[in-house]
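Several structures are given next for inspection.
The two complexes that follow have chain A in common; it is paired with chain B in the first and with chain C in the second.
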Partner chain A sequence: MKRYDGASAELAAVDGRKRLNMDKVMTAVCFVLLLIIVVIPIVMIIYNAFFNEGRLELGTFVDQIKEEKNLSAMWNTLKIAIGATILGTIMGVFYAWLLGRSDIPAKGLMRALFNIPYMFPPFLGAMAWDMMFNGRSGYINKFLRTLFGLKTMPININSVWGIIFVEVSYYFPFVFMQVVSALERMDPTLEESARIAGAKQRQVIWKITLPLVKPAISAGALLILTTSLAHFGVPAILGYARGIYTLPTRIYAVIYNSGGSFDGIRQGAALSVMLVVVVSLALILQNRILSAGSYDIIKGKSMRPTLIKLRGAKVPLLILAILTLVLIVIVPLVMIVLISFLKAYGLPLSFENFTLDQYRTVFASNGTIDSIKNSLFASITAGVVCMFLGTLVAYVVQKIRPKGKGALEVISMLPYAIPGTVLSIGVILAWSGRIFGINLYNTIWIILVAYLARYLSFSMKTSSAALLQVHSSLEEAARVCGASHTESLADITLPLIRPAMVSGFFLIFLPAMREVTTSILLYGPYTRTLGVQIYSLRDAGMIPQAAALATVAIGIIIVLNTIVTKLTKDRKGV
Partner chain B sequence: MKKVIAFLVALMLVMSLSASLAEPSGKVMLYSSMQEAQLQAIEQAFEAKYPTVDMEYYYAGGGKLVTKMTTEAKDGGQIASDVVWLGDPSDYESFKANGWLEPYVSPETEHIAKEYMDPEGYYTAGRLVTMGIAWNVGLVDEADAPKTWNDLLDPKWFNQIIMTDPSQASTTKYWMAAMMQSEKYGEAYFQALKDNGVELESGTTATHNRVADASYMVGICLDYVSANLMAQGSPMNFHYTTDDVITMTSPIALIKGCANEDNGKLLMDFILSKEGQEVLVANNLVSVRDDVEMQVDTSAIASVNMAVDYNDLGANLQSYLDKFNHIFDK
Partner chain C sequence: MANVKFDNITVSYGNHTVLKNFSLEVESGRIVCLVGPSGCGKTTLVRALLGLNKPETGVITVGDRCLFDAKKRVNVPAEKRNIGIVFQDYAVWPHMTVLENVCYPLKKQRRPKDEIQKRAMHALEQVHMTEYAKHLPNQLSGGQQQRVAIARALVVDSDVLVMDEPITNLDAKLREEMLLEIRMIQKRLNATILYITHDQQSALQLCDKMAIMQQDGTLCQYGTDEEIILHPANRFTFEFIGVSNFIPIEKGPAGAVLKCGGASPIPYDGEVPQEALGGGYELGVRPNDIVFDPSSPIQAHVTSRVFLGSEYNYFLNIGEKQVRVQQSMLDARTRGVAKEGETVGIRFLNTRFYPAKKGEQTV
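On to the complex of A and B.
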């Protein structure tokens, strides 16, 4: 690490003041942009939760904490997040082991399929499961009830367990993906030596394999936990109508019912502080339980590990994996597509009730076309801006290393830990005319600003990782040959990290395209996003129409993903 | 000189003539709580008649739209619409008091009964909406379906009735307030409904769909939404109550200071015209005009209408809503 400092000092000596200025400008730009995008909204939340018109006022905050509904929402948020984390982790690790280390057939295909839930917005899954197992009217529920002559519906998805189930089925890939790649990089000789020393299969798994991949498990579990705590879509669709609130849905309800009045937003800010406290507690708890150690024995190069022979368990486990895939990937998709063809919700799913009318209405609606345009605009712009800004921050932190680079890094990563709902409230407070009279409320710009804050850390992480691999000596060489700092940056560093920048773009563009948590609090009459439009249609009771738009959205997502896969493959070849 | 004057006069004549002949152009914005399919039908018919005017609409539940207008009008702001068309007439009394409306009496109102209009010309009924009872045809026989509001208190419907949350939908809010106001029903009636396990849904169309998808046997529902869903094939049916029918006039009004006032008037004229009202009827709505043919017999409904005291509604709406929310523990 010292070498970098020395190198940059030498470089600074090469062109003296000029270089210093360029670095200073970049550093200053970083600080100012991060101040505007990240710091101001967060400060506004804290300020408004505790202060009113310049005076300390804890009344709102205390009232919100004492309110019974908010407490039960907090309890539900925790139950759901912990449940989803535990079950999602178990499921992710199990399938990672099965596909990574056993001799189960069709591994490559299944691995690709197990990543699919990661692509889809969980709230579409929630919609599908609600259609099937709504506690009063689900289609499969009704079918089962008649089949077995039951008095009540057999399954009620509109419950805490229902929410956990749907979240698990969309979040387990977080753990799955991490653990699969860790298993691949693991040194197989460690397992072999244990076996030679007489350990049984089960002992090898428990004593060697699992501890080795613990950091990967821990990272994935952390991702499930924070995502679930902050998640709006699934609890909103499955719990809201049945009075099961979580903190994010409660914040939405408070803001919605107060009609955008300042009081409502202040209450939302107070609840946001509660949510941030819960997230922080969860992070600490998680850190205690799964403290991530570093294990050098996981090597960077891949070695071919010995596959565990499943023998008699092969067929049952294969069937289990296929059933899981069918249940969490195919069934919800089929259900949404079927409902989208239905003339009216509630009719039996038979051919004479099918029509294309819902698609006609969807495409004739200004709202829908606007929502697709809005989502494309906001997510492409956010992707491009974050790609450059994230790289800039990463460059400043990695290469320029100014005073306060730690602060810079923390600030840019902060929104990653802050739930989207909370970020939205901060953005409303900051940009609805209270600072320099800038009012972006009800415009697409406020959604864009929120996306920038929310997704900046994504591109910063990928660019950071890429910059770490670009040794300073490359830039130095260019400089020695007489290139200016700008030239060395443009001709050497940027081309080298371009693939990372592009993948950073897609890492932002794809989730922003299907996003609902942030924009549900920010949309105005003309600025519904695709996610918000689907949610509103469903909320207004137009379920087949919502399903039709959801099908269109899924189509868009599949097309975009295919393009991304193609592009990134090409890039690898270069 | 004469020639010049003559030329100028001619020029002015031509200009004024062309100005008066000039087709209306530009945009017009409508806020409405009607169903989107119906708004699309109106948009198509209006734009077919005035191809140079671009009509836009913003669709949301009544409660949400009032909230939205409140936000927009806050601190002297301008409401971003030209015309507003919601379900509940009592909302318009408060709009009027807030100074949001521009008086406009359309020439088309000669065919509209005077009691459907604001005496000061701030708003005019755009359609008639009546609350009644809907049921799922797979679960309930027509003969058994509740016929009066009190039939809903029968224990056989325990936990099987759905209604819309009155704070979310202006039509249900009006119905609730009218029932609260009545001596025959009042607070006790809603307590009895709650005791019989009535549940709330957040939007009008959602309520109807809960009846259609057999979540509930019976719903407190609107005539036009039911008719619309039934036309699409929803397995539900609807009838008016045999007494104490509550009808709303669903007023339409021009927004004060709106960006496209002329086009706003044009849109109001169109909606209130025979042609416009026929589009409504074709889309299962009930016309306010006396010269439009339709299946619903409005005079028969009017004969069993419950008297509603508008002044009391205007003054006590919030307290009725608070009482309702208290009973339903919201």
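On to the complex of A and C.
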């Protein structure tokens, strides 16, 4: 007997007879909240890019497109994003295969370490690399110059390639994690039958394994591409001072230089439209090149894949993997910590120059303590609100299925494809007194609203996936057993998706805690976030102090991550 | 302890009408099996009874209580219908222990705590699951989960109990046991049970009456199992319940002949109603209604013989037409068995004549 797909929609239709019922209220709430949080800011950007005081005015937009700096910024954005995507994908797939399918030792440990770049804020990494290989004053640069008696600095990280390198080292886990889990869920008999049919190991990898994990590769590559296109931190730290702009840093520059005037924001809006166009083009391009097929042969249950013996290549590959880990995880971390103990930036890294003063200053400064509080407030609130709102949207889309559920889904996912910088401009335009006279500018609330829009799709995705696992018959069984609609939600559905909701919360809370892209445009004198505070300390030349705060931030992130892993491990049921 | 009455029920999904003007009355205190092929609307019908979908027309009553009436705009919500259900996919709540699952319906009835405990344990006893009371469903096998679902449906005294393929995941011995158990529970509670299945064997074993549903969602026949087996209302019932052989029949120069491909039509000396000779008809016969008889003009070639413990199963070729024959042990002792490769005479008992299905007239 087949069950009808619309089973829960049926139940909703049965309940729909009552004039005021919960399903209808939930649907209405979803639409209204999404309108406020997502639609209004986006509409405001488009409106302000093309209209001025109610009249169509393309002048600003055309001026911005013609401006040479902007064109080169667009070009740089593309170069960096495409470079980071290609290299990051290759690196991600290679290490995924190495850890997923070969007999390389210490897999568990290495896997955990390979995930670190994912939770490490890239702009802190950029700071560390800048300290080491800055084209003028990098510590290792200086060391190498004296060692080899060179006239110029050997490596210049403040270049397009430098930016690509740092982005790759933080974004390759997107591909790595997707592909590792796909490899683990792949039925090993698929490869074994190819071997039995006479294919060599190499052929099996190229003709069977890679094509099968192509959807996973494709999904990870897409994530690198969109994240890199929209990324602010790394190009801001490595390129900004050298005049290497990308679109997000250009938007920041335009607004920063105009001192927050409306004209500057309009220019920013015009640039935002450009950035959105670039992102959309990239998405289309990616879709063409790697049209993601879906294969059912990748099963949900885990299997024990046959491991490929590396034989003689084992030791060199192990050393390579360890070196990679040291280079991208440990070196930047050590560098930041070392610098944080320096009396002043530029002094040699020797013991007599070390002090704890930077930490004392950090903890004595009101601005810093405030920034930690602000970040905690904004990210916890955003996490909690998004957790509930995202679950609500997911429930409406998955189970109630009202008319216009497609629109609801698209609207809630929209900010995912829209760069954080762009979203900030939309939020500024929407909530600085132009609509209903509501002015949130310079308050923590505007940051919160931006976070909500930016992260809603995260929790919606996890809750959606969890709700799909909750078969409608579970709720129906409760109804038949005498539970009202509300009771069945509270007794059955919510407890079943609670783990997903909790992990949705942390998926938002953790990145929001170290966020800099969105808040850099929204902060006011008293509403700096942790990321903004580190960025501004560094910008003001107080590099050791920035490093000290960064160390504190990393500490907070590590502690929180440990808690998350502990919490998500003991899931019950489902 | 109530009869269930479906009157003129129509259910559609979008443009697809699953049930059209469907009527059926299930007598109080009976076990009625709804039997039909996949997608014939069995599940849709019981979902309408449970209040999980909304028919466009018709009336549903349980006892003297009206649960649904399209005209009078009556639609009792699912939670107030007092009908027990065992879902096909168990729908055992994975975050509750076995005991919590079974207690849930009683909790919703706001029963006192000790009564809940006592009745839940009793229900678990009935399905032999007491030792698993503290387990979580993901620690149980499919069959055990199914038994939890049955216990959960039994724990409250529902007017009607609906079971949607409740024992498909149990092994043969346990299935037998559960069928007996369901039977005994029904006797004790005197409940009305609506049992959905496509497995005719368990249907025959369990039910008082069978409702045969056809692919297009219409009721084909409603009657006791004997009536259904011995007097099928039409070709669909005859074919759907049990195994059947069909051989095209037509009027020959001297009486009826069977068309079995091959060289010449084979004369048939049994009784044939006049309309079946008009062409386009087939003779239907069950495998156990075919007996060996050397005097018969119908000669068949034995292609295979399998011994099944209580019977022999043969495949015979009449011309180019394959027929299946079941010979009971008793018959085998009295008439002897046929060997593979032999040619035997066969005779058809309890024959039926139906118009042939389109596209199957020639062999």
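FYI, the second predicted complex is superposed on the first by the 554 of 574 C-alpha atoms of A that agree within 3 Å, B and C clash if a C-alpha of one lies under 4 Å from a C-alpha of the other, contacts with A are read in each partner's own complex, and residues count from 1 in each chain.
Basically, contacts are C-beta pairs under 8 Å (C-beta built on N, C-alpha and C of every residue); 3 or more make two chains touch, one makes a residue touch a chain.
All values reported here derive from a predicted model rather than from experimental measurement.
Residue contacts after overlaying the shared chain place A:Pro188 against neither chain B nor chain C.
Once the two complexes are overlaid on the shared chain, A:Arg136 sits against chain B while remaining clear of chain C. Looking at the shared chain after the overlay, A:Ile543 reaches chain B, while chain C stays out of its contact range.
When the two complexes are overlaid on their common chain A, residue A:Pro402 makes contact with neither chain B nor chain C. In the superposition on chain A, A:Pro154 makes contact with neither chain B nor chain C. When both complexes are overlaid on chain A, the residue A:Asn353 reaches chain B alone and has no touch with chain C.
Of the two partner chains placed by superposition, only chain B is touched by A:Ala344; chain C is not.
For the contact definition in use here, the chain B contact set and the chain C contact set of chain A share no residue.
Residues 36-37, 40, 56-61, 64, 66-68, 70-72, 80, 136, 167, 201-210, 212-216, 229, 232-236 of chain B are the ones that touch chain A when the two sit in their complex.
On the chain A side of its complex with chain B, the touching residues are 134, 136-137, 142, 240-241, 256-257, 259-261, 343-347, 353, 357, 361, 364-367, 442, 525, 536, 539-543. Taken in their complex, chain A has these residues touching chain C: 1-4, 6-7, 10-11, 13-15, 17, 471, 473-474, 476-484, 487, 491-492, 495-496, 572-574. On chain C, the positions that touch chain A within their shared complex are 13, 38-39, 42-44, 47, 50-54, 75, 77-85, 87-89, 91, 93-95, 104-105, 108-109, 136-138, 149, 152, 156, 164-165, 196, 198.
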